[in-house]
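By letter and in written order, the chains are A, B, C and D; residue numbering begins at 1 in each of them.
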Amino acid sequence: MKVTGGEGGKILALKIAKYLDTEYIDTLSRTFPDGEIYVRVMGSVKGEDVILVQSMGKKPNKLLIEYLLIADTLKDLGARNIIAVIPYLPYARQDARFNPGEAVSIKTVSKLIEKVGVSAVITVDMHLHRFKSIQAIFSVPAYNLSAMSLLAEYTASEFGLSKPLVAGPDEEAEQWAKIAANALQSDYLVLGKTRRGDYEVEIRGKSLAVVQARDVLIVDDIISTGGTMAKAVEALKTAGAKRILAACTHPLLIEDALYKVLSAGAEAVVGTDTVPSPISFVSVAPLIASFLKETVL
Amino acid sequence: MKVTGGEGGKILALKIAKYLDTEYIDTLSRTFPDGEIYVRVMGSVKGEDVILVQSMGKKPNKLLIEYLLIADTLKDLGARNIIAVIPYLPYARQDARFNPGEAVSIKTVSKLIEKVGVSAVITVDMHLHRFKSIQAIFSVPAYNLSAMSLLAEYTASEFGLSKPLVAGPDEEAEQWAKIAANALQSDYLVLGKTRRGDYEVEIRGKSLAVVQARDVLIVDDIISTGGTMAKAVEALKTAGAKRILAACTHPLLIEDALYKVLSAGAEAVVGTDTVPSPISFVSVAPLIASFLKETVL
Amino acid sequence: MKVTGGEGGKILALKIAKYLDTEYIDTLSRTFPDGEIYVRVMGSVKGEDVILVQSMGKKPNKLLIEYLLIADTLKDLGARNIIAVIPYLPYARQDARFNPGEAVSIKTVSKLIEKVGVSAVITVDMHLHRFKSIQAIFSVPAYNLSAMSLLAEYTASEFGLSKPLVAGPDEEAEQWAKIAANALQSDYLVLGKTRRGDYEVEIRGKSLAVVQARDVLIVDDIISTGGTMAKAVEALKTAGAKRILAACTHPLLIEDALYKVLSAGAEAVVGTDTVPSPISFVSVAPLIASFLKETVL
Amino acid sequence: MKVTGGEGGKILALKIAKYLDTEYIDTLSRTFPDGEIYVRVMGSVKGEDVILVQSMGKKPNKLLIEYLLIADTLKDLGARNIIAVIPYLPYARQDARFNPGEAVSIKTVSKLIEKVGVSAVITVDMHLHRFKSIQAIFSVPAYNLSAMSLLAEYTASEFGLSKPLVAGPDEEAEQWAKIAANALQSDYLVLGKTRRGDYEVEIRGKSLAVVQARDVLIVDDIISTGGTMAKAVEALKTAGAKRILAACTHPLLIEDALYKVLSAGAEAVVGTDTVPSPISFVSVAPLIASFLKETVL
């Protein structure tokens, strides 16, 4: 078993190899002035099982092509099995044809990943909305790990939160709130849009008054433009929360997303390193390494 | 038969549809702030043969992923056959493993194009160096058209060249020089690097004196950084050529490539629209449309 | 008198130097991986008047900073006067404070250009809407040349237009239509938005019926996203125009602008090289060189 | 006194305003598809002293132009004094004419900042090599704060370093090593290139043996491509250091810089938020706020 990674996964690959006490193989990767990627695997993989780590945030097309080039090269060099570790898998939200003629992009992306040859896929907190499970997207064994417990524990401990109430900013985030609350042995609530308008937030079926004088930890899978999270922070602040912290697995942080959430009143925002960012305080390397040790190796 | 195209092929698709007097179907394509592409096919393709035009210069990874998303969507929408028209096919120069562990990227790219489903591939002046023919790269029928005759005729006529001598800037360009010279019923020569140093240019086996007082048209498949072409212009100027014009099929024109060739002494530089550029004076649309009419339709 | 240029002006500088039969001085310019620009003037300018050519389309901030670095260096190296030739001057449309607190960016930009030291500014078809003349923006002598006659003549001749009617796509384009019509000794009309809705186009005070069976040439200063031009083409097509050509001085051509105008029904679109683009068929070099010869030199 | 910031300074501005208990004024800033920036100041500044925060890492030209637009607008809106807080000031290493004709870019940049009107400039750990002090670059009062003590204390405490030896990776870093060692009441050494070759590292005048079994903290002002830091880590590892941590004020982290330093053997790398990055664990907001309180306010 060897571990390698592309531009989007080298640092995680290095850490995972250390946890697994396995050989790390470097890849060279550079981009020519004409935009083409050059890829070279710097070690022997003949007959080996190889864990190929590549997270695909922010430059999804380039990082996906790079992944496909490396995986195909590993196969060509004689690797036996490839286990794809893709902590952030892009295109997950394009999971249905909402209008005639639209691409269901996640189906194409998963097909491409499988077609170059892979024996298992591991990702983290993948946004599953219309597909019931990750197994509905991949035909090889696929695993969707969760970093929510790690995130919740880190944030609560680092910022000294006392019995924090966990909040999901919308219905789709209930799954994350549940996990985080469980990790903190705490209660949770889910915010929702009212039927009266787009920009009002309410707690589903309850009064927001329950947040008064509480420390609140809002959790979500992704902070993209920060709009949803900022509105949740604002609503909780207005409702009288004492302290408000925000956490997410994938801190995409498009443009001024971080500023939006902070200026709405969050004390701090915490994310993981599935997408390298100024708030990537929690590493998913131990999570992935443990899973690999128990399940795959 | 219908014609459509992605961001890299819409204008050519529109022109080809006009030449073929066939229905053109638009695609919507936009890039989200997180880098993901959204694609939508704006017409019915059920049971149809579809010509999908996508040139892939300058942003090869994005345009390749967009191609794959559109092709997969066309299939999913019930298209019968897809004919891929890829006037500029990237990664063609990564056609061998020069050092251990390197990706033979063109093999991966062709595999991806085939795996989403395609019944034929048409490209233009693809750089074939180590592969004898395009058919060694694709397993579906593949056609490598040449725009060299068009280019040579346009340049000679537009700039009033009188009996131009055609020149290839290096050995690999002999194939292009031969076609261009044939189109102009003229003679050609091939420049080459001397064994004495990297930066000297000589004519293979002849004296450069033959260019004296001649109008010279230098042709190549690609002008990328412009280095090769600029050196050829310089050598011909030093050798006493009267007028020097340069032409290429794929004007990638990285950074100040055009400036380099002009400041070396070329009167003008001409390219085609396989890569949209300030010198894309010749369209490959009629070339492709004629071929489709005769061969595929 | 010597001529030089930055990344946005080298090719024009080279051409202008040729027209003026003056020495061209090259500049080296490269961008470090951290985004900083490196600039070097490759010849002696001590005691000289220097024409510094830099068009600033598409990457306005980088090209403006590069201009400022080169101009300041020229001064530092002992250049006597600097004549700024900025064929495309960005930020011209940000010429008023529409909402409290907004930057009037063109005022800041002109101030920066003047502060590094310049004795005259020459630009081409600058968008002057709220300022009556370019002299209201610069305190040094400033000249706003027009490429409209060149553009109109080239397009009419190249495409064999017979007595073309000239059209301006909106009120602000009347100034351009007038010049183009004058050059072609033809008549012109100005399209306008109706008061009934945003997307309807009508001729100011006349019936669109006048365009029936006419060749029409629509002219504007800029094609940016192509929306305005595409709507004008559509309106004229619906009204029965025989052939429709579009021309602009500055082909910024954001995203699929060119496709929009062509798919709306324009036979072709023509621009100048103030912004290098696939439709930059007309060079402003002779225009600028003639003006320099007559006025400044 | 009010505090505001551009795209490169909003989060720091927000934090500084909180520390100073002063009003924070937001700015709107967006980039049009043609690359032009739009800027709007969202509050009243008439007659006020304004602290304008803008760090300029990674996109130096855009962030500098944005700074100039905001500063000029603040003046135009009636602000009395502007105090520029520029935690990362780009172009500092272009501080001399090494070859004839080169721009001394930092002189141009400081001139531009002064010309739009500023009464003081505050930066952090500016690279001062050929200029003795920041006051040789600016004619208004200018202050160069240091984050080295903060960085050293954070790293030593967070990673439980026991009596760490501080190291500067080259001669120019001696100034930083001295400050860090002083903060930790520790000793320091400076690595240097041998005269024998480019890639060997030695301790100036001493044997590297002193690092054996020691925890070492390497400090520098900037990690750009990571080359210098990676070589220092490697040298110390070879020499037998027990644990190696790396820290810098400005984590520019070009391409795979972080990977390079980690794979060379550093346990972790720590930076500040003058350049937002995945290792920006230390904020310079308290440092700047304290200085403002004591000196300027």
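Basically, a contact is a pair of C-beta atoms (placed from the backbone, for glycine too) under 8 Å apart; a residue touches a chain by one contact, two chains touch by 3 or more.
These figures come from a predicted structure and were not determined experimentally.
S.K.: Measuring between Cα centroids, what's the chain most distant from subunit A?
M.R.: When every chain centre is compared against subunit A, the largest gap points to C.
S.K.: Pick same or different for copies subunit A and subunit B, depending on whether their interface residues overlap by over half.
M.R.: Answer same: the two copies use largely identical residue numbers here.
S.K.: Using Cα averages as centroids, what's the distance between subunit A and subunit D in whole Å?
M.R.: Comparing mean C-alpha positions, subunit D is 30 Å from subunit A.
S.K.: Between subunit A and subunit B, tell me the centre distance in angstrom, where each centre is the average of that chain's C-alpha atoms.
M.R.: Once rounded, the distance between the two centres reads 40 Å.
S.K.: From the mean C-alpha coordinate of subunit B to that of subunit D, what's the distance rounded to whole Å?
M.R.: Averaging C-alpha atoms per chain gives centres 46 Å apart.
S.K.: Which subunit D residues sit where two or more other chains touch them?
M.R.: In subunit D, nothing touches at least two other chains.
S.K.: Name the touching chain pairs, would you?
M.R.: Contact pairs between chains: A-B, A-D, B-C, C-D.
S.K.: For a test of understanding, state which residues of subunit B touch subunit A in their complex under the given definition.
M.R.: The contact residues of subunit B facing subunit A are 33-43, 57-62, 64-65, 68-70, 72-73, 76-77, 90-91, 94, 99, 101-105, 107-108, 111-112, 115-116, 224-225, 252, 254-255.
S.K.: For the complex, which residues does subunit A have touching subunit D?
M.R.: Subunit A residues touching subunit D: 7, 10-11, 14, 26, 256, 258-259, 262-263, 273, 276-278, 280-281.
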